[in-house]
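What follows is a set of structures for review.
In the two assemblies presented below, chain A is common to both, partnered first by chain B and then by chain C.
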Partner chain A sequence: MSFVLCSLVFGGGVIVFMSRSPYFSALGLVLATCGLSGVLMLGGAVFVGLILFLMYLGGMLVVFAYSAALAADIYPEVGAGKGLVITLVGAAVLAMVVEVSWGVVEVKGLGVQEDLLGISGLYLDSWAGLLLGAFGLFVCLFVVLCLVRGVGRGALRAV
Partner chain B sequence: MSPFIILVIFSSILATLGLALNRSHLLSALLCLELLLISSFAGVALWANMTSNFPLLPASLLLITFSACEASAGLGLLVSISRTHGSDLIRSLNLLQC
Partner chain C sequence: MSKMNPLLYLFMLSTVILGTIIVFLSSHWFFIWLGLEINTLAFLPLLVASYNPRSTEAATKYFLIQALASALLLLGGLLHAATINSWDPSSPLTPLPLTLLLIAIALKMAIPPCHNWLPDVLQGLPLLTGLILSTWQKLAPFYILITIQESIPTWLIVTAGFFAALVGGWGGLNQTQIRKLLAFSSIAHIGWTIAIIPFSPQLATLNLIIYFTITSTLFLAFHTLHTLNLANLSNSTNFAPWLTTLTLITTLSLAGLPPLTGFLGKWLIIQELALNTNTPAILILVLGNLLSLFYYLRIAYVISLTLSPQHTTSTLAWRTSPSSSNFPLALLIILSTCTLLISPSWLPLTF
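Right after this comes the complex of A and B.
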């Protein structure tokens, strides 16, 4: 289990680090996000990992793939197989370090999830943070609309 | 202690090195920033779970909310740059005429 997670996170990071084309960087970001959400779920924060997997990976990475298709080269450079070797060796070393130092990590049964209780504090005590995040997203919507607006005046012109 | 905090450390180091060394496309820099923010989000959530400090978890949700704001503003800039300059190569960003 920990070998799969280590190879996902470390391999995704190595792909983001080594690839010269943004297509493969987006792919590596998808892999690393999958691995990190699995790490969160194994670490006990099941609801936070679910948020990262469903909301972030479902919403944000689609936008990243679309932007890569818009902006990147037509013929991307495919890197050599060095990255695969580095990924496998590094993931094996990391998984060995994890298993030797902390023992085999197992999936615990789902009982009462404390992180759900923690996140529900967003509606109780830290409601100001909730309003601040909503206001930030609302401002950001208008920022993006002003950046890419326009028939004749903005940056998006009919080519 | 959760054993996976070492994965968070490794992925944030890889993202920082990639942000410093990948300088051909603007989108590569944005993706490295995204990986850095996702790993810091996972680090905050794992640390809050490790120390049973559960009231810290809304802070991690605020962190990922503002990282989504940053990513959308960066991608809007990327779209406008690629429509005015034709590509998102960083070495062609200092052309004066659009």
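Right after this comes the complex of A and C.
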């Protein structure tokens, strides 16, 4: 089980950078996030894994997919040939090596859930850090809006 | 072309400063990363504020390199926390997190072998934005380097230092664009600065601040003279003779020649390395500085020691404009040329 999840993570990453269209890269991201979320859940951090599914896949990736649908080709190119298959097999081998040598996924029971302790600590003790992170994301929003504005003031289009 | 909204520019500039201050004030690896990320992200609109394709290209290169560096920094901090079970930045580092952190800092500060982005990025920016990139953006990674300096093997950082001096020297030899020249001089000076960190972090801070003063002077002087390459520099004597002469002297100060302030940093570093009987390091650093001296002397030669081919009817400008005084530039010129004699007053800056 953990081998399947690890190879999903690595294989998803491979699909992200070897695809010829952003749609399939997003598919690779979905696979990688599913695998990583499974690894987290097996390790005992159930809440964080669910948050990953909900926020990353259900929030950010959905927005990205809609943006890609607005900007990318209507009929995307499919497939990357035998290079993709070879790299996926290599990724599966790498996942097996990582899992066997590091024992990265330890299956734990649901005794004390440390992820819930951590998240409640984020809101209780390190509230300043939470606000700082929120400010950082706010700045990131303005930076992105400033960079992709277009119509003579934008930068990434340089027109 | 169109200019950026001044309020937005001010907000981004304040956030750049805030990011560095967060790095200085934090005692947790995650917040060090957060401060650096805020710093990098908020700097990007400043890079594209002059909306032309060359600045866009520079901003893209800068962002890709710095995003990689931030990711490596976060990974190093997380691995360190997983190994030592402590998020304290002053706890001793094990080799793997240390390597990741050093690569991240080298990418952020343009230390060889991670230096190639700096000349291209600096070339694409206007001089004042390049000033912020060369001075303020180096403070936060330097602070992280000082924080982890007990864990860094001495041979590694001294070797990186003299490779930086050599690369800065050889790289600048063939340049005619002022901004690329200043980029390679930045690489060389950062090399001198990090070579002394294992022996005396205070001297490293002093050298960094002296370098900031002199290079700020040069950036502002070239901005005032509106010259971007050596060919334009040859003509600047005709319309700004005093500033041209002072730029000559400041360039010699950057080269580290004795009666000027730039000599203070190099002198104290050579003395500290000699007291630690590290003579090969002194030799290679000084030879690297000799290479840099060649292109500083080329600037000096072009700027006022030779008369370039020009129209015979050009005359020296005699009008003066008393209303346009440039106080920051004047102050920086004084600080970067005349303050060797009052060296003890530089010491409080080194904590």
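Note that the second predicted complex is superposed on the first by the 113 of 159 C-alpha atoms of A that agree within 3 Å, B and C clash if a C-alpha of one lies under 4 Å from a C-alpha of the other, contacts with A are read in each partner's own complex, and residues count from 1 in each chain.
Here is the rule we use: contacts are C-beta pairs under 8 Å (C-beta built on N, C-alpha and C of every residue); 3 or more make two chains touch, one makes a residue touch a chain.
This structure is a prediction, so every number in the text was calculated from the model and none was measured.
Counted by residues of chain A touched, the larger count belongs to B, out of chain B and chain C. When the two structures are aligned on the shared chain, A:Phe142 is found in touch with chain C, with no touch to chain B.
In the superposed model, A:Ser2 makes contact with chain B only, not with chain C. When the two structures are aligned on the shared chain, A:Leu70 is found in touch with chain B, with no touch to chain C. Once the two complexes are overlaid on the shared chain, A:Gly129 sits against chain B and chain C alike.
Of the two partner chains, neither chain B nor chain C is touched by A:Cys34.
On chain A, the surface patch touched by chain B in one complex and by chain C in the other comprises residues 129, 132-133, 136, 139-140, 143, 147, 154-156.
Within the complex formed with chain C, the chain A residues making contact are 129, 132-133, 135-136, 139-140, 142-143, 146-147, 152-156, 158. The part of chain C that touches chain A in the complex is made up of residues 1-2, 4, 8, 11-12, 15, 22, 28, 30-31, 34, 37-38, 41-42, 44-45, 48, 51-53, 55-56, 59-60.
Residue ranges on chain A touching chain B, taken from their complex, read 2, 5-6, 9-10, 12-14, 16-22, 25-26, 28-29, 32-33, 35-36, 39-40, 42-45, 48, 51-52, 56, 59-60, 63-64, 67-68, 70-73, 94, 97-98, 101-102, 105, 114-115, 117-119, 121-122, 125-126, 129-130, 132-133, 136-137, 139-140, 143-144, 147-148, 154-157, 159.
Per the touch definition, chain B reaches chain A in the complex via residues 1-4, 6-8, 10-11, 14-15, 17-18, 21-22, 24-28, 31-32, 34-35, 38-39, 41-42, 45-46, 48-50, 52, 54-62, 64-66, 68-69, 71-73, 75-80, 82-84, 87-88.
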